[in-house]
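Both complexes shown next keep chain A, but they swap its partner, so chain B is in the first and chain C is in the second.
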Partner chain A sequence: MGLIAPKAEALAARLGALTAQASLPEARARALDRVGASGLPHRRDEYWRYTDPASLVAPQAPKAAVFDPRDEAPLFDAIDRLKITFVDGVFAPDLSDDLTLAGVEISRLAAPAPWAEGAYGVLEALGQSPVARPLAALNTAFATDGVLIRVTGRAAKPVSLIYIHKSETSDAMLHHCVSLDPGAELTLLENGPAAARFNKVLEVEVADGARFHHIRAQGRDHERRAVTHIFARLGAKSLFKSFTLSANGILTRNEAVITFAGDEARAHVAGAAMGDGAFHHDDTVFITHGAVACESRQVFKKVLKHGAVGVFQGKILVKPGAQKTDGYQISQSLLLDEDSQFLAKPELEIYADDVKCSHGSTSGAIDETALYYLRSRGVPKRRAQSLLVLAFLADSIAEIEDEAIAEDIRARLESWLERHED
Partner chain B sequence: MLEIKNLHVKLEAEDKQILKGVDLKIGAGEVHAIMGPNGSGKSTLSYVLSGREGYEVTEGEATLDGVDLLEMEPEERAAAGLFLAFQYPVEIPGVGNMVFLRTALNAQRKARGEEEISAGDFLKLVREKAKTLKIDAEMLKRPVNVGFSGGEKKRNEILQMAILEPKMCILDETDSGLDVDAMKLVSEGVNALRSEGRSFLVITHYQRLLDHIKPDVVHIMAAGRIIKTGGPELALEVENNGYADLLEGVV
Partner chain C sequence: MADLEVREGVDRETIETVAGMGAYKYGWSTEIEMDYAPKGLNEDIVRLISSKNQEPEWLLEWRLAAYRRWVSLEEPHWAMLDYPAIDYQDQYYYATPKSMAVKPKSLDEVDPKLLATYKKLGIPLKEQALLAGVEDTGERKVAVDAVFDSVSVGTTFKAELAKAGVIFCSISEAVREHPELVRKYLGSVVPPSDNFFATLNSAVFSDGSFVYIPPGTRCPMELSTYFRINAENTGQFERTLIVCDKGAYVSYLEGCTAPKRDTHQLHAAVVEIVILEDAEVKYSTVQNWYPGDENGKGGIYNFVTKRADCREARAKVMWTQVETGSAITWKYPSCILRGDDSQGEFYSIAIANNAQQADTGTKMVHLGKRTKSRIVSKGISAGRAQNTYRGLVSMHPKASDSRNYTQCDSLLIGDKCGAHTVPYIEVKNASSRVEHEATTSKVDEDQLFYCRSRGMDEEEAVALVVNGFCREVLQALPMEFAMEAQNLVAISLEGSVG
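Coming up: the complex of A and B.
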């Protein structure tokens, strides 16, 4: 089946601006076929109804000014971690640690370890059904670099991917694969805006009894654009936890596609997004319960002001036979003025009869009574508002298990609030 | 200490006059009680003094040690030494009680040009005050008033008062929802704070609270005005005869 003319033209234009990559040619060829079959997203596509992908699919990345962090320490600075740095999407060996770590094998996509043959693009391909995710397939086909992390035991310390944005016109595409052996454990940190435009895919295979923690902060460049996908498959009794902090960014689309393949596993995805002004932030989550007695949690909070827009599309699909499923989804926005908006589309699709699934979505303003109460005790208005914003976000941050990391995220939120008091 | 002259207040949202000329003068170290039927304006008076939004002062003034209260933001009034113990303490999910108390105390200190209290000294202070109010450490760890019983919320108000050490304390129906034991505990907490430099305005429906917190002066409020002022015996009179006799000719 061919694409309609406008889609075919858009795809041809985009492909014309990309360079073929040498590594893993077969997986890339298959991915290119997937893109060819679906075409690139367009705002008329139902899945992109609330977020216009035009600037994400355009052949050239729109310019994005680099953010000035002033004298602020970088995120996760005090945490002992293995650092791997990319500048505008290009691996920076001088800013990275040696890629050896007990319990972990790390290689780069540019020179992949043999196991990557059977992993690269596999979960992304599975994630194309029932909804096509062409920007992820495009990434598999053309990603210039990334890391391939095989976790054989308990990682001695977190692996930290640092994305530095230096060029106002950079257009980066990175693809990472993480494979956790049975019982293995890894914490993966990601932070930074990466580029003017960033397309990133993270595939995570969590074997039986393995535990994966993911905490990322997407950088505060106001004009940066990002489309990211996480594809995860969970074995029996495994754990997957992912938290994302997004403060600023003109356009962000974060998709998480999680599938339970083994019984009694747990997956928690959470996000805290703060937007002021030109900010469009979209969390799109698809969780498939394909096994018995698994637990999924989606906790997404957005703080919006001065016309910022928040989007949440969250789906829980419970397949036939996935009994004892426990699915929960909450998406909430705190609108700090009347110009901002929050669009939510929660969905449940259930084909098993012994399940517990719930979802909720709310939009609200700062609680004036709470604000008055705090002020009546002497807390200045700005500080009281910040306390209430942090309180609003608390449930999502609570999904971070490591207290030192959570504290870092909280500090970052406070500093954002200080910069955006008006 | 607190001086209110001819205070007229209406609701901002509707054209409804609530206070219609309140006069009240509380000297340093004095305890005054205001009693009155529902809707007489007692709570409105406490809200207006503490700076809650939604009320418009149309006439009159209120000063604390000669400083105009009505021109100040709520946090400035707190730093100036005013404290309102809420009738319905507000639950704030996500804000820890300790963080709240410490933020409030340090903000007030800062506003007064004093040094902030250290974490260690603060912890010691809270533990000591909490102990006398029988507030356990578990309660302090929870978010502000979340999951607290009615009695715990009121005790938490008094704890805040004990830590912030205001000079003018307004207690808005602090006895509502309390059983006899809890009322005694709360009253003891208040009495422990009584001092020469600290004044109290106790708003209540019932005389029983005034058995525990003995007032120097009792005012009866009705239809937005103070209609009668007397000694503690006035409270007993209300308890025995109700408000009917006093209200004759008012409204």
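Coming up: the complex of A and C.
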């Protein structure tokens, strides 16, 4: 079936602004076919009901002012990690460590290791059904760089991807693949605004008994735009944990597509988002329980003020036979003034009977009684508000297992709250 | 059902009971001579329906405009429903018993066969009588408008209601007798352009009920409409309009059944409710259309648009529905909370068994300040059925200090069925509080075990647990319906533990 004319035109315009890449040509050709079949997303698509993708699909990235990173303490600085830096989506060897680490093999997408042939774009392709994710397929077809990380044992230290934004017009597309062998373990850190517009895909294959921890902070630049996808497939008794902190950003769409392929695995995705003013933040999560006795958690919290918009679309799909599924999903927003909006679509689709699935979603203002209590104990109003906001976000941060990393994230939150007290 | 796996704690007998099910009580049909409009849908059919109802020109034009729009629309397919394409030309859009060609002046003149039909259904068309199965307490009365295929057979207690100023009659009669009211309110809640099925209904609606409660009046009895589809290959397109004026109150009940037929039948109704200042409407439905057999053969396709407009301050509406029938249910009774401090409530039990599919829920649109809504939905899936809750809670920017609470629970009985929840939550102001909770689980083994250890058989135990699961909604029903509903819950699920 061909695309309707406006979709075909939008796609042609976008493709016209992109440059073909040399590595992994077959995987890229297949991805281009997927984009051709679905077209680019449009506001009228049900999956984009609450987020207008126009600026994400436009041929040119809208400008985004560069924020001076020096007025804030660098993130993860005290953590011993292997640093890999991209500036406006371009690998920066002088800002990166040597890509060797015990228990891990790292190569770059520009010069991929042989195993990438069988991994690149595979999970993204699987993630196109039942809902098309054209921006991820577009990424597979045109990503300029990224890292391919094969974890064979327990990684000696976290791998840290740092994204620096330097040009007001940069339009970056990165694609990373992580493959964890049975029993392997890795912590992946990501931080920084990356570019004026950033399209990123992360594919994670977690083999039986492997453990993957992912913590990211999406940079503070107010005008940046980002669309990111995580595709993960979990083997038996494996663990996948991902936490995202988003403070600012005029438009962010973070999708997570997680599939349980082996029994008794666990996947937790969490997010804390804070927006003040022109801020549109969309968490879209799709978890497929295709195996027995798996546990999934979605914990998303948003603090919104001055017209900020928070979106949550979360789905738990339990396939026939995925008995003993334990799925839970919570999305909450704290609206700090009358102008902000919270739009949510928390879905359950369940085809097995012996399951325990639930979701909760709430939206409201700060609890006046709690505020009054703190003030009656002598806590100044602003401090009391910050405390209550931190308490509200606490459940999502609790999903970070490493206490030093969690502390870093907490410090980020507090400094954001200090700057946005009014 | 033979391939159904026998689970721990479920005896063979239960499985066999399931296999022996399909006991739809209302599946018989009435042999009666009918007048049909020619099959299919075109402008002439629309004109014919209008002329049969002796309608004024403006209404004919209204219908034709709807028809012309409908032709340009596409049937929506966003619901989680899977059914073969409907051939809209392979239906009768108007069928009426021959004996109704000249409208009887009173119920005494109505064809005895028709009266017998309603008697067999347990619907009293004699005044003083109550819905069957309820003990006569001497006080309670229910007025009934009985709709048979495309025509209203009669309405009881009209005189007594008229004394209180209440108008309760068929919509065709209202068009003739109270054109100013009908013209003012018809389409004001569900405009003809609303959606594919509402547009179709606007073009071809044949009968239905009209209710007007004057200011400050508490309707002296419950009002009820009973819809019966009898003729084969005939769609029913009724339209109900309820206007509850300032400070008035009415409780309205709706029931529906249809014979067992091998072919699917289309039902596309519209219900509009207008509620003015300080008025309150309770609308209760027990929907028990023929659900089709256990293999999905036959059954009603039920596409219904129901909406209440709390147009002025402190207006209140409560929807309660028990959805046990129909092969396909597509139904979202909604509340437009326009007046400040207005309130909407939605209580629903949706049971889907065998091959049934239900996609149902509500919309709460908060426009006025300090508006409140509450949604309690209980979905039960058994057999190979699919049951979806779909709902919208929308807090508009000006609806400050409003409140919503939503609770959707799904119960799965057996591992071949599905239960889905698709809520949309849109909050556009900070002073409102919205809470949504949904759970999905199976019938609790411990509760079943406890009941069984007290000497109940599997059947009774399941019925008790499910009734407990539904309790919040059953309690919201008027007494006349609560008992019927409770029994229906048990019958619909009889033995479906697996």
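As a convention for this text, the second predicted complex is superposed on the first by the 419 of 422 C-alpha atoms of A that agree within 3 Å, B and C clash if a C-alpha of one lies under 4 Å from a C-alpha of the other, contacts with A are read in each partner's own complex, and residues count from 1 in each chain.
As a working rule, a residue touches a chain if its C-beta (ideal position, glycine included) is under 8 Å from a C-beta of that chain, and two chains touch if they have at least 3 such contacts.
A quick note: this is a predicted structure, and the numbers were derived from the prediction, not measured.
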Combined model on chain A: chain C and chain B, fit or clash: fit
Touched partner set for A:353, first chain B, second chain C, both or neither: second
C-alpha centroid angle, chain C to chain B via chain A, nearest 10°: 80
In the superposition, chain B vs chain C on chain A residues touched: C
Touched partner set for A:381, first chain B, second chain C, both or neither: first
Chain B versus chain C as contact partner of A:395, first or second or both or neither: first
Partner chain(s) touched by A:373 [first = chain B, second = chain C, both, neither]: first
Overlay on chain A, chain C to chain B nearest C-alpha distance, Å: 14
Parts of chain A lying in touch with chain B, wherever the complex brings them together: 367-370, 372-381, 383-384, 387-388, 390-395
Touch list for chain A against partner chain C, complex: 46, 320-321, 323, 333, 335-365
Chain B to chain A touching residues, read off their complex: 50-53, 73-75, 77-79, 83-84, 86, 89-90, 92-95, 99-100, 103-105, 107-108, 111, 143, 160, 164
Residue numbers on chain C that touch chain A, as the complex places them: 78, 80, 397, 400, 410, 412-442
